[in-house]
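All remarks here apply to the structure that follows.
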Amino acid sequence: MSTFETIPESTSQTSAEHLAERLSKSITAAAEADRREGWNRPPVFLPESENGVLEVAMGPHHPSTHGVFRMDVSVDGERVIRLKPVFGYLHRNHEKIAEGTAYLASMPYTDRLDYFCSLTNNWAYALAVEKLAGIQVPERAEYIRVILAELTRIQNHAAAVGFLLQDMGASGTPLMYAFREREKILDLFEQLTGSRMMCNYMRFGGCRVDVTDAWLDRARRLVAGMPQFVDEFEALLTTNEILMVRCQGIGALKPDLAVNAGVTGPMLRATGVNYDLRKVDHYGIYDRFKFRIPLGDHGDVYDRYMVRILEIREAVHILEQALKEIPAGPIMDPKTKLRGFRPKPGEAYGRIEAPKGELGFYLISDGGSNPYRYRVRPPSMINLTVLEDMCLGHNVADVVVILGSVDIVLGEVDR
Amino acid sequence: MSIPFYLISALTIAGAVAAMTLKNTLHCALALTIALAGIAFLFLGLDAQFVGFAQILVYIGAVAILVVFAVLLTRSGESLLPAKRARTWLAGLAIAAVTFLVLGWSVLASLYGLPNETAAPSVTMQQIGNALMGPYVFPLEVVAVLLTAATVGAVIVAMHEKARNK
Amino acid sequence: MLGEGILKGLAQTAKNFAGSYVSEERLTTVQYPEERLPVAEASRVFPFLVFDGSEWLGGMRCVACQICEKECPPKCIYIEKSKDKKPDYVGKQQFYPVRFDIDISVCMSCQICVEVCPFEAIKMDTAFELATDDRFGGLLLDRQQLAKSNEYYHSIHPTEASEVDARLDEEKVKAEAKAKAAAPAAAAKPPAPAGGKD
Amino acid sequence: MTPLGDYLLVAALLFAIGLGGALTRRSAILVLIGIELMLNAANLNLIAFWRYGPHPEALTGMMFAIFSIAVAAAEAAVGLGLIIAIYRHTQTTDLDRISRMKG
Amino acid sequence: MAATFDQIFILFRNWLVHFLPPAWQPAAGALLGVIGIVAVFPGLFALTTLLERKGLGRMQNRYGPNRVGPFGLLQPVADGLKALTKEDVVPFNANGLMHLLAPLVMVVTVFMSFAVLPMGRHMELVDMDAGLLFFFAMGAATELSVFMAGWSSRNKYSILGAMRAVAQMISYEVPMLLSSVAVVMIAGSLSLPKVVAAQNHYTGIFPHWYVFTPWGFGAALMFAIAAIAETNRSPFDLPEGESEIIAGYHTEYSGFKFALFFLAEYLGMFALSGLGVTLFMGGWSAPFSFLTWIPSWIWFFAKVMLAICVFIWMRGTLPRLRQDQLMNFAWKFVLPYSLLVLLVTAFWRFLPPGWERWVVCTVILAVAYVVMGRAAFKLKRVGPRSYRYAE
């Protein structure tokens, strides 16, 4: 695909002013027309510049943008020559609010960041605070955290692949299979944490509720049934000629561009870069489990799809091992106080391998009961910055598929 | 003097006149379609079933769509400028009127000599097939070559332009 | 050859089509209003106030200490303390909330109030059909609507309720033992010095 | 049975309309539509004479009409291809202005 | 008894018509036939919308509509009422006449193409000598109405959608014609009842349907692909694909006119699957010799519904092709292969009957299919991939 320097010069800076000036001209024209002909005059069509370039806003409520997210695409005939992602529609000022509330009180808000995987958000935040305050986590809690994180990864990847197929027009069948399995996992979460998607389960130093044996048996049965689901899913999709033709060679991302842009997660591993925090950071007790990291080599939409499917299989291996070896014991450090938690001044950056990439929490404490600075490193948003490079030269139908393969959740992008 | 004949021919002529006089080019293209459909029905009236359906398939199915595509690609559909007459439009009309008079006179003059009532020939597809493959097999091959050449020619003309101004 | 993957995909959907008539595993849809999925025991929707015995105000465990009001992340609890006191389950005189409102349109059912409450007074309910057409008043529940009996608490969260009751009974026994132990001392103390700190 | 004369008259009128249109209109596409009409008028004549001719089983008129339809379709295709090419080159389909043979 | 039951509709029509004075009888008979078609097929359309939603539902492990009426049977009625009562919004500067005319022309032409389909023994509305040609002539007219719809709603996106739809329909009409010409070469006549008669005999219990011959199978495959593309269904439903920005030619329609487009699409599906069944699967002939006592029209409608189920099945499984891939597929795979099928049919026709011609034709077709399939994929460097694992 084209790197930075080969972007055709017609889309350089001048065209931005040119576009802005024409937009303002059309807006004043619209106002004038309003005055002259009253409210029911014909609408002002989108400004179309002379050389046949069609500006299209794939608007905030477009059916396939996974939430409120706009892309200003300028299309020359069928090819995309410029794409400006516009997000911020779902900005809830999460970080400023967190500066005003106690450490524990912003834990339920982390559920709402990437609302598909609330447990990994909780874990990342808990990890950061534990690093900040130097709290130890008992063995059993570490095992529970790994189990829940891998279950979250399975249901997130299944949903992501389902949405990708939905964008390609598969009228919901793969999505329904993915959601059928996802519901089973969410039932497990509800039986443990009380809520399917907003778990608010992890606490600084462990977990809130202990895991019963009945729950562990149900989890083992679910994990035993998972490979059969993935085989069915792959049989339906992986060798499907239409899917191969629609996905291979589309939206390819070169490894150096991916690394420079800070892309992480399945998108980065699809380009062949071997970077998985579970192996790099050695956080939690991932070193005790044997699992492999799938890598693609073209970095296109098909590789991202396959990396996600293979990661589901790896997660199933981890879960089997973890569910076998989970020890008994306390799940919470008895000394930790719930209220009035005041870590000593300092800063900490806790990061984990969330299903979408490297999710990090950076906290600065000034000794008070609420953090001085609270920053979330959102993998979805950073993966989104390379969207234009992947879409240049493709046609509009592919832009939708490429966006689907990036797997973004607007809660995390806008925070 | 069957009524359907008058109805259909009136429709055809109206379609033809509209195709020639309307301002908006796209309306002309659609009026042309009506005229061609009328002519197809006239063929059916003359018991030439095969030609009638071929006319619908070829003209309405393809040529009319081609004309409409051409109108759109050359953006002449939207420009609602007044029906511009060629500079020499008056002479054109005169020539057309003269030709019609000459043809009309020749038809009326020889009216009595023309055979009017003959039995409807029952033409089956079998006969047409044999005729095409029998005495007319050479023209069939020539037309086949011509059609291929026309398709390739049209594509090259359009394609060539696209490649050059890129 | 071309079309092989498509045929395999078609076989999959056919299997699921047939499967949805046969296996419980595949057709997991439940006809909601008529059939209902059993609510998970640990599930939580909106908080409610627990009261012992039969009379909801007298038996209310809440002592209006306002810890949950301070700790609630979206600040959806509003408490007004009472002037006078009433005996709680151990017999000690405690305040009680004159007003205890929870705006369930603001509450995000994060259950932190249950964790921080020292008196086991507030627990999470599992009733989720709370739709009302009145946007403001309808979703602001006052203490009358929030108060639910301990038996109800046992019916929705049996294991958790029994643990809580065990803890409360043990505290009651400890409190009475202390009271019994303190009683003779109190009796002994008055005859000796007249004043004494009580 | 409508007499042959009526068909010939209709065909003549169609031919005249096509010719008039082709001569008076300035837009290239309309000229092409005019030519199309003239061709169809000729076809109508062919079929009319075949129908009322002495021995219709020889199918000559019909064969002529079939081949004429095929040729007309090819002509329309090439004609429109040319018009589109000229339009791309000179941005106009106005025949008066496309008079220079410049490349 | 079976014969009368087989011809029950014809007898019923004759019984009705004989009340009229003889002068009017042929016209009344034809009218009754038309009324029959105009009643039966929209009824089937209503049933199919329900079948589609329930089928798709079941394929996705969920119930289809089952709230409106027992098992959701009144759902089509509800949809119909909704479509009728919806406000008919016409765009501000749309061309009123053409806006109204487009759906009408489409529905009328598709209904006319039903006239030649033999729905049972002697049950075709009109036995035309050039029946197949008439069918395709009517098929060609629907493209024009698609264009009128797209253009008349004066919306830039619907024009683009219309141009895409028309380009797709035209480029898939050519292979459809060619694959049906293969059948005409063997059956020897363009008239559909003769084609069915040519297939309606049995060796042992197996019928002589063309789909069981090598060339017939190839032609049926290409016809199926072209038919799916012609009706803008499943893998080829790009023109109204919702995930595209260009939302298809009937965006600016609502209320009854949109329902007409919906009806026209389904009638197009019936017509094409009816034609496919007539050409390749023996029209109204029974699948086994011992089943011929069942009335013929039951077989025709059973096969058409089977074809509709395949349409729905494809829609439930396959993602959508992109516009340029769609067109390349048509001109670079389906058309050449149809020409090859014509060649093989010629061999089939002029080789002496016996096992040699079976072997020759099957080998040519199979080898060509595999080679062209692999070449098509090699060209675009597309194919199954293997993945490496780190550590």
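A, B, C, D and E label the chains in the order they appear, each numbered from 1.
Simple rule for what comes next: a residue touches a chain if its C-beta (ideal position, glycine included) is under 8 Å from a C-beta of that chain, and two chains touch if they have at least 3 such contacts.
Bear in mind the structure is a predicted one, so any value in this text is a computation, not a measurement.
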Query raised in the report: Tell me, which chains sit next to both chain A and chain B?
Result: E
Requested in this report: Enumerate, in label order, the chains that touch chain A and chain D alike.
Outcome: none
Report summary line: So the chain most remote from chain E by C-alpha centre is C
Requested in this report: Among all other chains, pick the one whose mean CA position is farthest from the mean CA position of chain B.
Outcome: C
Query raised in the report: Looking at every pair of chains, which two share the most C-beta contact pairs?
Result: B-D
Report task. Give me the ID of the chain with the smallest distance between its Cα centroid and the all-protein Cα centroid. Result -> E
Query raised in the report: From the C-alpha centre of chain B to that of chain C, how far is it in Å?
Result: 83
Query raised in the report: If you average the Cα atoms of chain A and of chain C to get two centres, how far apart are those centres in Å?
Result: 33
Query raised in the report: Approximately how many whole Å separate the CA-defined centres of chain A and chain E?
Result: 43
Report summary line: Whole-angstrom distance, CA centroid of chain D to CA centroid of chain E, is 34
Requested in this report: Please set out, as single numbers or ranges, the residues of chain E touching at least two other chains.
Outcome: 59-62, 316-318, 377
Query raised in the report: In chain D, what residues contact two or more other chains?
Result: none
Report task. For chain B, write out the residues touching at least two other chains, lowest number first. Result -> 50, 54, 62, 69
**Report entry** All chain pairs that touch each other
**Finding:** A-C, A-E, B-D, B-E, C-E
Requested in this report: Write out the stretch or stretches of chain A touching chain C in their complex.
Outcome: 101-102, 104-109, 111-112, 173, 177, 180, 183, 187, 190-195, 198, 200, 208-209, 225, 232, 235-244, 338-339
Query raised in the report: Once bound in the complex, which stretches of chain A touch chain E?
Result: 40, 42-43, 45-46, 54, 56, 58, 62-64, 73, 78, 165-173, 176-177, 180, 236, 238-246, 248-249, 274, 276, 279, 292-298, 302-303, 306-307, 310, 395-398, 400
Query raised in the report: Where on chain D is chain B touching in the complex?
Result: 1-10, 12-27, 29-30, 32-34, 36-37, 40, 43-44, 47-48, 50-54, 56-57, 59, 62-63, 65-67, 69-78, 80-85, 87-89, 93-96
Query raised in the report: Can you list the residues on chain C that touch chain E in the complex?
Result: 1-3, 6, 9-10, 12-14, 16-17, 19-21, 26-29, 31
Query - Residue ranges of chain B in contact with chain E within the complex - result: 26, 30, 33, 49-50, 53-54, 56-57, 60-62, 64-65, 68-69, 72, 77, 124-126
